[in-house]
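Look for chain A in each of the two complexes below; its partner is chain B in the first and chain C in the second.
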Partner chain A sequence: MTTQFPVTSGSPSAPGETRRVDEPLLEIRDLAVSFTTVAGEVQAVRGADLTVYPGQSVAIVGESGSGKSTLAHSVIDLLPGTGKVTGGSIVFDGRELVGLDRREIEAMRGRDIGLVPQDPMSNLNPVWRIGTQIEEALKANGFQGGKAERKERVAGLLAEAGLPDAQRRARQYPHEFSGGMRQRSLIAIGLAARPKLLIADEPTSALDVTVQRQILDHLEVLTRELGTAVLFITHDLGLAAERAEHLVVMFKGRVVESGPARQILADPKHPYTQRLVSSAPSLASRRIQVAHEQGEESKELLAHHADGVARSTDVVVARNLTKVFQIRGARPGASTDFTAVDDVSFTLGRGSTLALVGESGSGKSTAANMVLGLLEPTSGSVEFDGVDVASLDAKELFAFRRRIQPVFQNPYGSLDPLFSIYRSIEEPLRLHKVGGKKQREARVRELLDMVALPQSAMRRFPNELSGGQRQRIAIARALALKPEVIVLDEAVSALDVLVQAQILELLGDLQDELGLSYLFITHDLAVVRQIADSVVVMQNGKVVEHAATDEVFDNPREQYTRDLLAAIPGARLEGAELAG
Partner chain B sequence: MLWYLGRRLLQLIPVFLGATLLLYALVFLLPGDPVAALGGERGLPEAVQEQIRQRYNLDEPFLVQYLLFLQGVFTLDFGVDFRGREILDVIAGALPVTFQLAVMALVFEAILGIGFGLLAGMRKGGWFDGSVLVMSLFVIAVPTFVIGFVLQFVVGVQLGWLPVTAGRDPNFRSLLMPAIVLGAVSFAYVLRLTRTSVAENLSADYVRTARAKGLRRSQVTGRHVLRNSLIPVVTFLGADLGNLMAGAIVTEGIFNINGVGGTLFDAITRGENVTVVSLTTVLVIIYIIANLVVDLLYAALDPRIRYA
Partner chain C sequence: MPENRYVPAPRPGQEHFTAPVDEGGLGAVDAVDTSDAPSSFWRESWREMRRRPMFWAAATIILVVVTVAAFPGLFTSLGPRQCDLAMSLQGPQPGHPFGFDFQGCDIYSRTMYGARASVLVGVLATTMVIVLGTSIGAVAGYYGGWFDTILSRITDIFFAVPLVLAAIVVMSVSTNRTSFTVALVLALFGWTSIARITRGTVMSVKNNEFVTAAKSLGMGRGAILLRHVLPNAAAPIIVYATVALGTFIVAEATLSFLGIGLPPSVVSWGGDISKAQNSIRVAPEILFYPAGGLALTVLGFIMMGDVVRDALDPKARKR
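Showing the complex of A and B:
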């Protein structure tokens, strides 16, 4: 991915926090932002302070709903919907921004303050060419020069953002680009008019980890060369600490702590920051690794303890699994074969956790669906407790489904919004005709206890619950039939870090209690470190590496595994810098 | 692309055969004997009836009649109706007027519907949005003939701004009011569709990106909101051309226009099978072609759509 720019190794802000003598570039004082809803006014930001000096990189860290995005968007007056600044001041380059009229703020956007938005999939207009969309940014911000020069500049910007073959790329449409390429285009747009400040709103959270790292490295080099100040917004403390000199931690609309990144990491003052530091998966996994390298017993840092469970037998054995999909070709009748899973074998020991790790398109979910019996393998077999799943007839298959249950990624999509929580959890019991009405109700209560939710939750509906609570419901539903194996397909990926940590802990406890086996599908190696006993690394449908977790982290044999490991945010942080 | 176009055009053949067969069967099943009805109260002599039946192949079984009809279609000789007029002339006399009327109605509903819809969607919840919504609801709720007669009386008779009826030789001016009446209901739908689509697109992420680039509001609206919002509207408009042509009968009646609607109604009451089926088939084909054009426009508006 690197173009003409050298990629620096080691820590990005080696000199650490330097006292700057210049005037602040951006100074936010006592800012309040609120949204008008049917229920009245909701305060999203309450009295936040923030200072960014020229050329400095500052990160706002917080979970969803903490007001971090709202704070950043209020700087360029791009608050969504009914959002309004209700108090305080935003001074940029000596000029008060609160209360500017529309034309004045339009003139500043792009030219003085650029934005790299969060989701590369939805932030480019699908009906315009990439080049056209970058050209717009040049035209709107007073680019001097004719059409030919403009085209040349567009290609230059794309190349600068790390897209090879920029001339041709500029003529393509967003849907012809991968997520990483789109994000590079958005960076080109954000930096097109050479703003003094770039607001980067979770610029890579939607991307695969290795791509994420490349893009952040590149952005760092670019902004340093251009002298652009960067305001990062992220939920990942590890990433923030690695990429920014200065951290601002937000919680429920307030800035609870701010200071030099390393200082906050090493010595968090506010209880919320302390919780964040202790449970951010990227940091937690780094801590385990550091402890492990120092030869310390790191078991207490792990989310679960697999050693107590006897692992005599393998409950799931996948042998040479292959899945070929036919893709419709350009002409009628023409089709190409796409091998999503290619000769994949692995074993899941009873009472243990096996992680299938890979980036999007690696075939990990397809493999999981074959284990669940939801997809038929093209060749190869899945053995469950010694029996080939393909040999089961309809009745046996129905019985098999009781023994292996899934939990899916999106807790917002996997629960029927019209079903009460009780009905959602009870449904599998009813379907498999387990017990009478009374017994089923007792079982639902028991399950809610297991996942640490109040029994009163069963009368509620999914929309009344948070993402973490919904995922607990999904786990309770999966446990209802007392399965032996649970397939967790990115089950914690959509959750905030603290909630993620809680769910991982819950899963560990349940495993100890019930002797469950987990097949854990994830793209996030940081989580794997905390929960898995062994790891299967997949790339392009093939198994790259299959070994015990410690082995993979200590001695990764394949280059691809090393890349994945290096891409975990916080991997560059030193052990001494980690509190706890 | 060419593959796609060729396949779509080939699809016309089975649709044509299916539509004509179905229509022919339906007309054939209609109760009553058209030949007997020709004679009125006194009735025609048996011999004359027999002669007419032979001339129009009415004594043949259904399938033979249908095949004879197809033969006529392919040789472009539809024959004559009971009054001795060439059926081809009858179609040629009715179709252009109705087509002009439908296209005028389409242009009216597209321009005003999209314009009003855009303004309403941009200021969703404002007074303009509110009043336009109520107005569109009113237009949808009130039957076409009520709007037609009221407009005819107020604009035509009382104010005298436009001709009251179109008459034998309709021109643009005399078709203006009928076109507005004909397009009124669809105008309301286009307006609502555009409004919803615009309001939704306004909060799209790429619109925020466009604003963050520093584009002026008018540029954001024109380049990023409007074009994306038009995609569903174009689909509706294309399908609507067929509806307007077939649905013009009430409007044509009010404004005394000698178009497809009146001709078709006449032919059905007289039991002129060949006229009914021919005219309806032409409408079916226009409908299909309009839809094909919509699909092509769709691909032009949205580069993600590639036909193969």
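Showing the complex of A and C:
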């Protein structure tokens, strides 16, 4: 594992750093790509330029819909649906690719240009053995040699991709592999024919953070050894800056800025890049940490800073929460127990933010649902404002609901698509019989102002709004009954970087204004740094570490916490590179 | 402060490049578009449907058939039972464009009056099926557990019984044969598909986060089912019901044809097809008119079902 910042590998001893080659490997000039839709022609990429040199790593950074994947996929003619290149040129290794016929492109795919796709779950054929799928890749790319040689090569490739016991692994099926192992297999396939260029399309965004880092580290070492150039596609500027020497920032189908990674990070010129640099959670959290280490209490950097006075009372106390699910067996009665949450205790101070952090399957959402009173704990208790929630009768429970409200992850699933925005926000008021029709409408308008949406949005339907706007509506609905606690279950995880930053800021402002307490559930420690006062780190249903945020970031006690911290992209960047 | 670290000079084509700021600016990215009328799911679907010529064709057929069924007197001055044996099997004549059947009745008038029975049975049976199937499917899918196990098994049992066969058995022992009883019998054995569709959709809708949000507002289960879950599960039910209407019309005609559907005293296409069969060798054209009416009606509903499915299926919808 390298501890060095990769860009600095200009030191002559770096292993894979080939001699400086002055001929570009890939040169894209003035590329335009458009899609034909019912509404007419849509330009997905306009006038894009990009240059990759042999052995270099270049990252395309952008939000969803910025055209970053489209740009990269047009290189290997893998545009989805009706997409087609309408102008410009793509020169790879001295050869013009635009207008090449299908057979010639197919001959290049895999052999000259490899691809590591985004989703390891759907990109392997579930009915074929892993080994067979890699063999397939070898055969398709003209591997000469007998069956035995091929088998040996497959094992070699898998071992190279970091899968121990490769011979046995090659005989297994995708479902026997974890997400990380599948992604390693896909990397093995992508590199099987030793391409000169590897396109990695968000190669780790579907994986848990600690796995992400291992895979990226491995990919970096591997491609450097092989001298393969890598074209990364990512939404995370921190990750891009850490893994690539040259960055291309895209926004709405255009390249808005490109240049050496460190230069862009330290001195972004385009207003969009400036916003991106200042809001990427990985960079922001790193900046806070750097400032903190230098002894500055960087209040203005934090999305929110809790008042010390208000923190004296605890509003939610979870005591020894345990939740056991019964997993149905083959026969009735043959069920097995699964402990999702195991003896978890934490306290949420009034007016403060507590983050529950963990990877998928850590039990953090189950714990949150117990706090919300949506799931009954198997044992243990949740106390809200000093009262055990389990002891409430139906009427008291109904009243309790007003005081704690959730906001969920998926902005597309958390609003009823058939309800207008007005009805969605008004529903809690109507249900709890708050005010008359006039007052309710006034309150809806007030709430829309609070979440910084125009009142004219009231008559709209969820499908007309963007993800960030829907999440604002979900927050407005949660605030309608003036709750004391809001449970934010991965509430910003599905949003683009800039929108995420806006929502975090909004949450911070609302907390200051209304004295709200947040239970913030996330897998992303970078976001935690920006918003939380204290952190509970969970792993496999158990609490690993529970401390103040500064404490956790300064001296994490457990190895698992350290792994999570190291997994935040940009952890290796230093202060000077972060001047946002 | 970049220390004495080696920074490679950018290579040709990789110099720091900054695009000029776009005319659109950045602020407009997250604005709410309030220029158009608000578009709800139903409004969008309606707009989608209106664009299809097939929708207008199907709508015209259905409208004509329903009008004929409701007011057959507007289309013919002759009663369906004003028959004159002397005219038996006579060809078309002025005032009698379709000619006469074996009994000497005017075929045009009988075709017009026959629409009522078909449409009535179709609409009645479909309504009953929607009520029965939706309630059973919704309860099974939403509450799950024992409800689901029992209701799903009952559905399976009914599903295994062929619709027409079961209707034949029940109708042949039935003494009271009206449009209502025929529809009831068809509904009794025809609700299973809707129940299955509803159950599946309800199960997927109830896992949405807006349902959890409603729960944490303290809304009761029944209220959530009625206000959030069922409206969101309605689309596939409507699609199926439109097609099913055609199927029920065919089933009614089949029963009447076999003589166990509507009694001979009721004018129906099925009954007329059955009677035309007797004189098929001498006058095959008699068969054509009631059969044509039946085919046209069923075609109308099936075409409509197709259009509705395209409009309501979000996966098929292009944006």
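In this text, the second predicted complex is superposed on the first by the 552 of 580 C-alpha atoms of A that agree within 3 Å, B and C clash if a C-alpha of one lies under 4 Å from a C-alpha of the other, contacts with A are read in each partner's own complex, and residues count from 1 in each chain.
Throughout what follows, a residue touches a chain if its C-beta (ideal position, glycine included) is under 8 Å from a C-beta of that chain, and two chains touch if they have at least 3 such contacts.
Note that the structure is predicted; figures quoted are calculated from it, not measured.
Contact with chain C, but none with chain B, is seen for A:405 once the two complexes are overlaid on the shared chain. In the superposition on chain A, contact of A:474 is made with chain C only, not with chain B.
Of the two partner chains, chain B is the only one that A:111 touches; chain C does not reach it. When the shared chain is aligned, no partner comes close enough to touch A:94: not chain B, not chain C. Once chain A of one complex is fitted onto chain A of the other, the partner contacts of A:40 are absent, as it touches neither chain B nor chain C. In the superposed pair of complexes, A:186 makes contact with chain B only, with no contact to chain C. Of the two partner chains, chain B is the only one touched by A:102; chain C is not. On chain C, the positions that touch chain A within their shared complex are 1-3, 5-8, 10-19, 21-22, 24, 26, 29-30, 32-34, 38-42, 44, 208-210, 212-219, 228, 231-232, 318-319. Looking at the complex, you find that chain B touches chain A at residues 3, 7, 203-217, 219, 223-224, 227-228, 301-304, 308.
Per the touch definition, chain A reaches chain B in the complex via residues 76, 78, 80-81, 102-103, 106-111, 114-115, 117-119, 122-129, 136-137, 140-141, 173, 175, 186, 189-190, 192-193, 329-332. Those residues of chain A that touch chain C in the complex are listed here as 8, 10-11, 22, 24, 27, 37-38, 49, 51, 53, 245-246, 252, 254-260, 262-264, 266, 269-273, 275, 372-374, 397-398, 401-402, 404-406, 408-410, 413-418, 420, 427-428, 431-432, 453-454, 456-457, 459-461, 463-466, 468-469, 474, 477-478, 481, 498-499, 502, 576.
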